[in-house]
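Which chain is which? They are A, B, C and D, in the order written, and residues in each are numbered from 1.
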Amino acid sequence: MTRVGVWLIGARGSVATTAVLGALAVRSGAAGRTGCVTERPEFAPARLPEIGDLVFGGHDVSEVRLGKSAERLARAGVLPAHLPRAFADELDRTEHGLRRGLDHASEGVRRRDVDRLEADLREFAEREALERVVVVDLSSTESRPGVRAEHTDPDALEAALDAGTARIPVSSAYAYAALRAGCPFVEFTPNTGPRLPALAPLVERSGVPWAGSDGKTGETLVKSVLAPMFAARALRVRSWSSVNLLGGGDGATLADPANAESKIASKARGLEHMLGHETDGPLHIDYVPDLGDAKTAWDHVSFEGFLGARMTLQFTWSGYDSALAAPLVLDLARLTARAHRRGRVGPLPELAFFFKDPAGTGEHGLAEQWRTLTSWCAAPEEEAE
Amino acid sequence: MTRVGVWLIGARGSVATTAVLGALAVRSGAAGRTGCVTERPEFAPARLPEIGDLVFGGHDVSEVRLGKSAERLARAGVLPAHLPRAFADELDRTEHGLRRGLDHASEGVRRRDVDRLEADLREFAEREALERVVVVDLSSTESRPGVRAEHTDPDALEAALDAGTARIPVSSAYAYAALRAGCPFVEFTPNTGPRLPALAPLVERSGVPWAGSDGKTGETLVKSVLAPMFAARALRVRSWSSVNLLGGGDGATLADPANAESKIASKARGLEHMLGHETDGPLHIDYVPDLGDAKTAWDHVSFEGFLGARMTLQFTWSGYDSALAAPLVLDLARLTARAHRRGRVGPLPELAFFFKDPAGTGEHGLAEQWRTLTSWCAAPEEEAE
Amino acid sequence: MTRVGVWLIGARGSVATTAVLGALAVRSGAAGRTGCVTERPEFAPARLPEIGDLVFGGHDVSEVRLGKSAERLARAGVLPAHLPRAFADELDRTEHGLRRGLDHASEGVRRRDVDRLEADLREFAEREALERVVVVDLSSTESRPGVRAEHTDPDALEAALDAGTARIPVSSAYAYAALRAGCPFVEFTPNTGPRLPALAPLVERSGVPWAGSDGKTGETLVKSVLAPMFAARALRVRSWSSVNLLGGGDGATLADPANAESKIASKARGLEHMLGHETDGPLHIDYVPDLGDAKTAWDHVSFEGFLGARMTLQFTWSGYDSALAAPLVLDLARLTARAHRRGRVGPLPELAFFFKDPAGTGEHGLAEQWRTLTSWCAAPEEEAE
Amino acid sequence: MTRVGVWLIGARGSVATTAVLGALAVRSGAAGRTGCVTERPEFAPARLPEIGDLVFGGHDVSEVRLGKSAERLARAGVLPAHLPRAFADELDRTEHGLRRGLDHASEGVRRRDVDRLEADLREFAEREALERVVVVDLSSTESRPGVRAEHTDPDALEAALDAGTARIPVSSAYAYAALRAGCPFVEFTPNTGPRLPALAPLVERSGVPWAGSDGKTGETLVKSVLAPMFAARALRVRSWSSVNLLGGGDGATLADPANAESKIASKARGLEHMLGHETDGPLHIDYVPDLGDAKTAWDHVSFEGFLGARMTLQFTWSGYDSALAAPLVLDLARLTARAHRRGRVGPLPELAFFFKDPAGTGEHGLAEQWRTLTSWCAAPEEEAE
């Protein structure tokens, strides 16, 4: 049996907790596979690692134990009330394998920081006898980095790490460590991660694939089918206004406009592409603590039809971020493991289906992304990539 | 220059008026092509007849003149206020070519009725020197016919027409006349039209294509992208409730539950197919006269995600039926004319993109329908069909 | 200490269970008083019985025990997960005091049926040493009764009971028993209950007050502030369309159109009164089992402003029926007990605030009802009524 | 016949144009009185000046003529298409009486500026032989003034006007001129106007009443009935999120955050007061040019019921700002004229019904405001105020 490691950055957060507990529940038959895209029949030919064969580890700076985090989610109605207790022992075992994450180092990332992260990954693979380890970034949204030499110049990056002054995004420090450890990487947040230009040669050298970025879990998902609908019908979208009310941990992070900026940019990028023209209207992300783990989005689309007729479409999406994101984490771990097995290197545009800001492609329409994804998964194993 | 005839059944109604006036305005440059699908670049290879080359005629039982109908729509804000006056002469010329339609004959359709309809079509083609005439049914929704021998047995149909007792849907009487006149047919309503089983041999004999049925102009259009989205994401839709508030002429017709039945059946059919499973929830069509030419639909979707999390999506669509349907009438006339030119016979599944209840295919997802449509239009002319 | 009995018809249903468990939790300090209108400062002068002094009993035909019912509601997220267990013993004690209700007797209600119900009430009052017992009808919605002599003629009613052929609504049989036992009555459902004309002399004779009918818990509550707003602003409401999606037990009952009829009539009655004119638009009540204990309503209001400008207001209300209704049951029990103490007889228009179809008044606007209610509660005890 | 002057600041804007044209149309019988609050029967005892007796003048810095402005509104569907032409002559006559407004003077308001404004008002009253002139501020939203001596100290204000360095809001310069001319004032915008503390003695001295501020025309109107509903039902509002999409001229002004600030503050102030506690949630005002004269607001209210049950209410309001505001301008002119006639001086809390940020009272609930307003209007004329 091939066991595949899934190393979660932000391993004690809501999404990670739901993914870990969900995988345990699915393996034992205590829960179904609703929301797991790769359990659809289209993915049967892809010979993906089974959900039950995934082994979890991870980094976090929070000290709230995984079991506590699960209980909180159950109280909030995101998880069934009985699940955390039913899998308390397994959660504890995973908890023991978690390691201390990297703090936002104001003075800069040091060589020994990334060495330690890399060592954690290698130790996990060895301890659990894993065929491979996929690293998935689930950490909080970072503020956008200012431009510095070590962001674009690989040599400058190495020198800055040696000097302990590397002002790189923490997500990119994790990506650096993963690449050094030979681990494929999934950037599930809007953070920079492996997109840092200075990491490009390291990606090539380490020969691993990566996927990203910013998991498409709610309002943007709906946009990614509605915008192509307007385009196919030759209806002219005049304004598209979006409001996102978030209560969870990420909402709190996004309350800082500096952090929200990269998320908003990531959300906005695709709309114009799908419509084929610019459009008007605000895009808000608001932190509303009262909402807890729920998020609610309202979109108002004003469009024009034949002979200038003015019409509107509104939608309201109300969901639980963790319930939406967690199964995608499992999907992405399985799919990225497959890409690694098949020798793929660099960004994986085939996985655009899962992301607001897909790496390696400009395609944002869900239907087209779905076709690309399922075609890739239908390709027989022996085929060269 | 090849002139193509478009013969509208219900030629003085809101949709027909908007289509005729819109085509005049587009031809003259007084209006843009927003909402005209076949003006998108994907359709350039298809060498469709130009909008400006379409010549309009039609049947109607209403006696409100086309120009009056246009003025009413302008007052209601569906058409720009100045258009009806600007094209008053051209509307009058089209008006002169309209012919008296077929009343709902309670005692049955007679041979001489269908002969007269057929003669009207032949006279139109000759008078206007048309290459071909596409008949488009835009008449009101009929009640569903009870089962009778002349619906399934071609000989029984001929006998009943001779006897003057053919209890067939009026839409099918029009289809019969069109087939006899060698005209391709578009069933834009949920009516039976060319679907009457007894017409099948006549379709073959006349060698014409037909498309249908029930133009997908609003709420169902949105459904046809949202339902595949839920399916692709493996999210389980638990209930999908729909409410349609209609104010226009068709709304009045649908106030009679007998007439609404076929419309509701047509709308419901696709959802289950797209989701891959049955679902719960009502589907209402309500006549609210106050709304005039506008229609508003509200849909409430309750769905389940990973580990049973309960979430919802709601949308409200507010549009003008005529503004949405009219450009599709032009699109369908052009595309069906092309199919006729290429020798196609029988239902045209390639045009499923335009219909709630597509003939010749079970595909209801918009993205897949779009791909089929554009592939067909990319096929070079010389290709055999 | 004065203990007041609350006798619930439908005592094992969702609303009753929530009311009983909620009162226990409030008394013990395990829960707050959110949603309890009579806990607002305006009610301090009224010297209402304390929530902690209410003692519960009741009839039901269901055999699902109160504790089980509470656990189901907790799993559905309507009640906090820990509450049913925390008050399991108290729920059991209440359960022991419940009595078998009256089945819908197709052949007619018999004298011994109402005698037995009356005896249950007297036995409860005695056993628990209660100052008074308020009977609250929380049973399912009944179909509207056809007209019969025993509905209007008190003598015919007595005769039919003697003969065992009284085709009266079951709710009216309960009201009859309550009146005979000298208990004030709250008709919380749209059922007939004490409104049966043949009961009027008995109301006078027994000298008790009653309140009703049809608790205003959601969409109608919102209507009762929005409609007066439009009226005060002289805006003309052209159509008001309402859709109610219900999943709970009452939803199932209402799936039978015969039962829905009285509910719909009750909801519609007030709108016209508040607007001051007739209006257009459908009112749907749909049973959507998937929604469980939740209910969602969508209202679409089309209105006209100055110089004919057309505008709209839409709202969506999503709530839990039990959580909304249960505190009102406590409020009504307390307020009706006070009316009884003060010697009031017959319908209580002062309690219109709580009802869709208020008895004894035509006032449907919430603000005006609030003013009436709080004025009444500010009146000093010694005042004659 | 008593003719009452209405002097509009911003006389060529959308609201003013709609008010002037609407009054002409109502007077002639060409339009109804929908939206005119003071035409309701409750106001009959108040002996208000008739709409037909209002005479319009005003200031503006725009040079788009009133007739042009009306035509633009008709094209946008806010006014009936035929109205501007039907009243072209009367609009022209009003246009001739308009005067050049006061520019935002960066270096400060000068004595001669306010003198000129005052002279315009006196000249208008004399020319038109008016009993009195009510000045209504309909100008764009200003940015909030920084604190300066001339804002609070009347003497400093006089000195700064003499020196030509008075850095006061333009709205307050208009109020100053109105007070000097003995004209009552209506502050229909969120601007400072007569609220400038330094104007208080002048208000007393001139002996005129004033009303304000910030007309309650849409989303806040709905809030002012929903918030009291939650309070009366003892439901705890946890968050109230509001999004306002505006396309019109005021939207453009509000695109500057400095200007939006006072509007947002004005909108937010009342909510907490009505609920009786603080609440969470953003309040956005966005400029979406595409929307033209329409505005759409979405509110999302998350609230808690009995035993902590979490529920939501959402609403979407879509209206035309001008159609909503214009009849209120007529109402306020009539009511303020009456207050003036009755010798009232200073702020008019009785008119709180019309304002987001009512002067002279903390009452924000619409029902209570309505009661106060109608009581005042029921008071017989001879009564001392």
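Going forward, contacts are C-beta pairs under 8 Å (C-beta built on N, C-alpha and C of every residue); 3 or more make two chains touch, one makes a residue touch a chain.
The structure displayed is predicted, hence computed values, not measured ones.
Colleague: Hey, which pair has more contacts between C-betas, A-B or A-C?
Modeller: Counting C-beta pairs in contact, A-B comes out ahead.
Colleague: Roughly how many whole angstrom separate the Cα centroids of chain A and chain C?
Modeller: Here the centre of chain C sits 49 Å away from the centre of chain A.
Colleague: How many angstrom between the C-alpha centroids of chain B and chain A?
Modeller: For chain A versus chain B, the centre distance works out to 44 Å.
Colleague: If a residue has to touch 2 or more other chains to count, which residues of chain A qualify?
Modeller: Within chain A, residues 77, 312, 314, 316, 318 contact more than one other chain.
Colleague: Name the shape of the chain contact graph, picking from line, ring, star, complete and other.
Modeller: complete
Colleague: Give every residue of chain C touching chain D within the complex, in rising order.
Modeller: Touching chain D: residues 18, 21-22, 25, 31-37, 39-40, 77-80, 83, 221-222, 224-226, 228-229, 232-236, 304-309, 311-320, 323-324, 326-327, 353, 365-368, 370-371 of chain C.
Colleague: Residues of chain D touching chain B in their complex?
Modeller: Residue list for chain D touching chain B: 75, 77, 81, 316.
Colleague: Residue numbers of chain C touching chain B in their complex, please.
Modeller: Chain C residues touching chain B: 238-239, 241, 243, 245, 280-282, 284, 286, 288-291, 296, 298, 300, 302, 312, 314, 316, 318.
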